[in-house]
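Look at the two complexes coming up: chain A is in both, with chain B in one and chain C in the other.
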Partner chain A sequence: MHNVLSRANALLAFTLWVMAAVTAACFLSTVFLDYTVPSQITVKDIKVRSIVDYATDDQQADLATLSFNLKVDFTRIFNWNVKQLFVYLVAEYKSKVNEVNQVVLWDRIVERGERVVMDEIGVKTKYYFLDDGTNLLKHDNVTFVLRYNVIPNAGYLRLVQSTNQIVVPFPTTYSTTRRS
Partner chain B sequence: MDGMIAMLPAPLQKLSSHIDFQGQKVAERTYQVILTIAGIVGFFVGFWTQQLSYAIHIVMGASAFTALIILPPWPFLFRKNPIVWQVPTEEQEETSSASPPAESSAKKDDKKKKEPKKTK
Partner chain C sequence: MFSEIRQMNVRQLLYQCLNFAMVVSSALMIWKGMMVLTGSDSPVVVVLSGSMEPAFHRGDLLLLTNDHEDPVRVGDITVFKVEGREIPIVHRVIKVHEKNAEDTKILTKGDNNQVDDRGLYAPGQLWLSRSDVVGRTKGLLPYVGMVTIIMNDYPKLKYAVLAFLGLFVLLHKEN
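Here is the complex of A and B:
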C-alpha cells in the first residue's frame, strides 16, 4: 500500500472479490427458482418411409417426416441469471432392442431480449427422424416433448423439461409418394 | 515491474507516490468500505432491474471512483502523519563512517576532530 502500484494491485484484487461475491449472490438468488413452463405441441403430417440403410444389419430403416406447431412462452424464465436458452424438441419411443430412444428433431437458441414468445406453425424438423431399425411403423406411442438448457450467467447448466407432452400414434403403412 | 518503471521518462520516475503509514491504513479502509457498499447496492439494483450487467457496472464504477481517491498520494488525506526520524547523534555517525572513508565524510571527521581540540 506504500506506492501507487501496490495500491492499484490491492484495489483490483478487492474489486474482483466484490464482483465474484455479487455474481455468487446472483446465482444464489436464482438457484431455487422454478424454470418449467407449459408448452403446446401439435404434430401433424406424419409419414414413415422405408429407406435403405447400409449401416444396419437388415439394411432397412424407418425414416419419419413430420411438421409441428409449437406454442410456448419463455418470458417468465428470463431472470437476471439467464443468458439464453437452448430449446430442442425430442421424440421418445421404445423399441424391442432399446428401452429408450431419444431423437432430437429440432432446436433453437432463444436469446435474452429477443423473441422469447414462440408461436411456430408448420415447422419442419431440422434433423432426420431416423430409426436404427423398422420400429417406427405402426408405433403407437411416440412421445414428443420440449426440453431446454438454461445457460446462466453464473451457476450450472440447467436442463428443464416442459410440462406438457403429447403422445402420437404413427402411421400403419409406408408412405411411397414423393413430396413435391 | 521495475524494468517498466525504468523505461518511463526521468521526470515521471522522480514523482513520489508514497504515503505514510497512517495514510496506508486510511486508504485500505476506504476502498474496503466503498467497494463493499457498492457490491451490496449493485446486488439490489441488479435484482430489481433483473440485469446482472447493472450490478457489475456499479462495482466497476465504484472501483474507478475509489482509484481516483486512493491512487494519487493526496497530501491532505494520506500524508498528514509523516514519520519523524530521529536526528542522528554524532557517535553513531562516527562509527558508521569509520569503515568506508569517503571524501565528504573524511572532511567532516576532520572538522569533528578539530572541534573537541578547541574545547580542550
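Here is the complex of A and C:
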C-alpha cells in the first residue's frame, strides 16, 4: 500500500502545508505592529526657476531646487518579517490647477543588515522638483514629509508616514543664476 | 490504466467526471470571487522582471487591489497597462498631479531602474491616467509564482502536468 509514489506525495504535501503555515504565522505575527518612527527634516537653499517643459500643458513650468538634512532611525522597524524599506521624501502641495500634487524628491532603498540610521546633511534632490505649471513661485504651503514602504518577506506591503512634517514657504522671485 | 476504466461502471464514471467538473469550477469561482473582492481584473500577478529588485524578484507572487475610492498616491506600487504592450508593468508611482479623481497625471519608475518610465509608455505618452492603472500591490508571496514561470518557459511540461492531473482526478478511486 505504501509505495514510493504515495510516500513522496505525502512528504511533498506535508512540506507544502508546513511552509504555508509558517508563512501565515510570519505574516500574522507582524501585521498588527506599529511601524511609525519620527524623522527630522530641514529644507534649505530653495530656488525656483522658470523653464520650458514639453510635458506641461502650456509648456512653461516652475522648477525648484533645494537641499535638505534628514535624521531618522529605522532600527526598531526591522523585525523578522522586514526584507527592505523603500524610503522617499515627498513634496506635497495644492495648486490652482491641481487639487493634489505629489512629487518624490529623493529615495533610498534600505536593505536588511545595512546601515539603518540616517543622518544626512546637505542632500541634493535625486529627481527634478518640477511643477505641472507655474505654481511653485510664492507658494507658501508646500509640505515636506518622509514616507516609507515596508517590504516584508511575505505579507502586507505597508505605506507609512513618518510623524514629523514641515511646511516651507517658497521664494517670491525667480532665480536667474546658473544651477550650481 | 485502461483496465481501471473498464472496471468502472457507468455511475462511477459519471461521478468521477462530475468530481472533475467540481474542481475546475471551484478554481474558477475562487478566481472570479477574488476579482469581485479586489475590484481588479487580475488580482494576482507574477513578477517577470528585475526592475523592482530588491523588493520583488522574478517569480514572486503579488496580490493586488483596485479600489477606485482610494486615490493613487506616490509610493504606491501600481500595475499598469500601456497601449501596445501585452504584459502589464509593476512599478512605483513617483509623481502625481491630480485635478480630480478621474483626471490624474501619474508618473512611475522601477526601483531598480535609473530613469522614469516615460520611455516605456506609448509613443508620445507622458503620463499615465487612473484608467491605465489596473491594480495596486498590497501583498507579497515569495517564490510561489516560479511554478507559472517554469510552465510558461516549457509549454510541453505544462501540458504533461495538466494531462497527468486530469487523468489523476478522473481515475483516482477513493478507498
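Keep in mind that, in the parts below, the second predicted complex is superposed on the first by the 173 of 180 C-alpha atoms of A that agree within 3 Å, B and C clash if a C-alpha of one lies under 4 Å from a C-alpha of the other, contacts with A are read in each partner's own complex, and residues count from 1 in each chain.
Operating definition for what follows: a contact is a pair of C-beta atoms (placed from the backbone, for glycine too) under 8 Å apart; a residue touches a chain by one contact, two chains touch by 3 or more.
This structure is a prediction, so every number in the text was calculated from the model and none was measured.
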- Superpose on chain A as described above, then tell me if chain B and chain C fit or clash. fit
- Message: According to the stated criteria, A:86 is in contact with first (chain B), second (chain C), both, or neither; which is it?
- Response: second
- Roughly how many degrees, to the nearest 10, is the angle at chain A when you join its Cα centre to the Cα centres of chain B and chain C? 40
- Task: May I ask you to decide whether A:102 touches chain B, chain C, both, or neither, giving the answer as first, second, both or neither?
- Result: second
- Message: Contacts for A:132 in the overlay, against chain B (first) and chain C (second): which applies, first, second, both or neither?
- Response: second
- Query: So, does A:2 touch the first partner chain B, the second partner chain C, both, or neither?
  - Reply: first
- Query: Looking at the overlay, does A:149 come into contact with chain B only (first), chain C only (second), both, or neither?
  - Reply: second
- Query: Does the superposition put A:55 against chain B (first), chain C (second), both, or neither?
  - Reply: second
- Query: So, A:23: does it touch chain B (first), chain C (second), both, or neither?
  - Reply: both
- After fitting on chain A, the minimum C-alpha spacing between chain B and chain C in angstrom comes out at 10
- Starting from the residues of chain A touching chain B, keep only those that also touch chain C in the other complex, and list them. 23, 153-154
- Query: Which part of chain B faces chain A closely enough to touch in the complex?
  - Reply: 1, 17-19, 24, 27-28, 31-32, 35-36, 38-39, 42-43, 46-47, 49-52, 55-56, 59-60, 63, 66-67, 70-73
- Note on the structure: Per the touch rule, the chain A residues reaching chain B in their complex are 1-5, 7-8, 10-12, 14-15, 18-19, 21-23, 25-26, 29, 78-81, 153-154
- Where on chain A does chain C make contact in their complex? 23, 54-55, 83-84, 86, 88, 90, 97-104, 107, 109, 111, 127, 132, 147, 149, 151-157, 159
- Complex contacts: residues of chain C adjacent to chain A: 54-55, 71, 73-77, 92, 94-100, 105, 111, 116, 126-127, 137-142
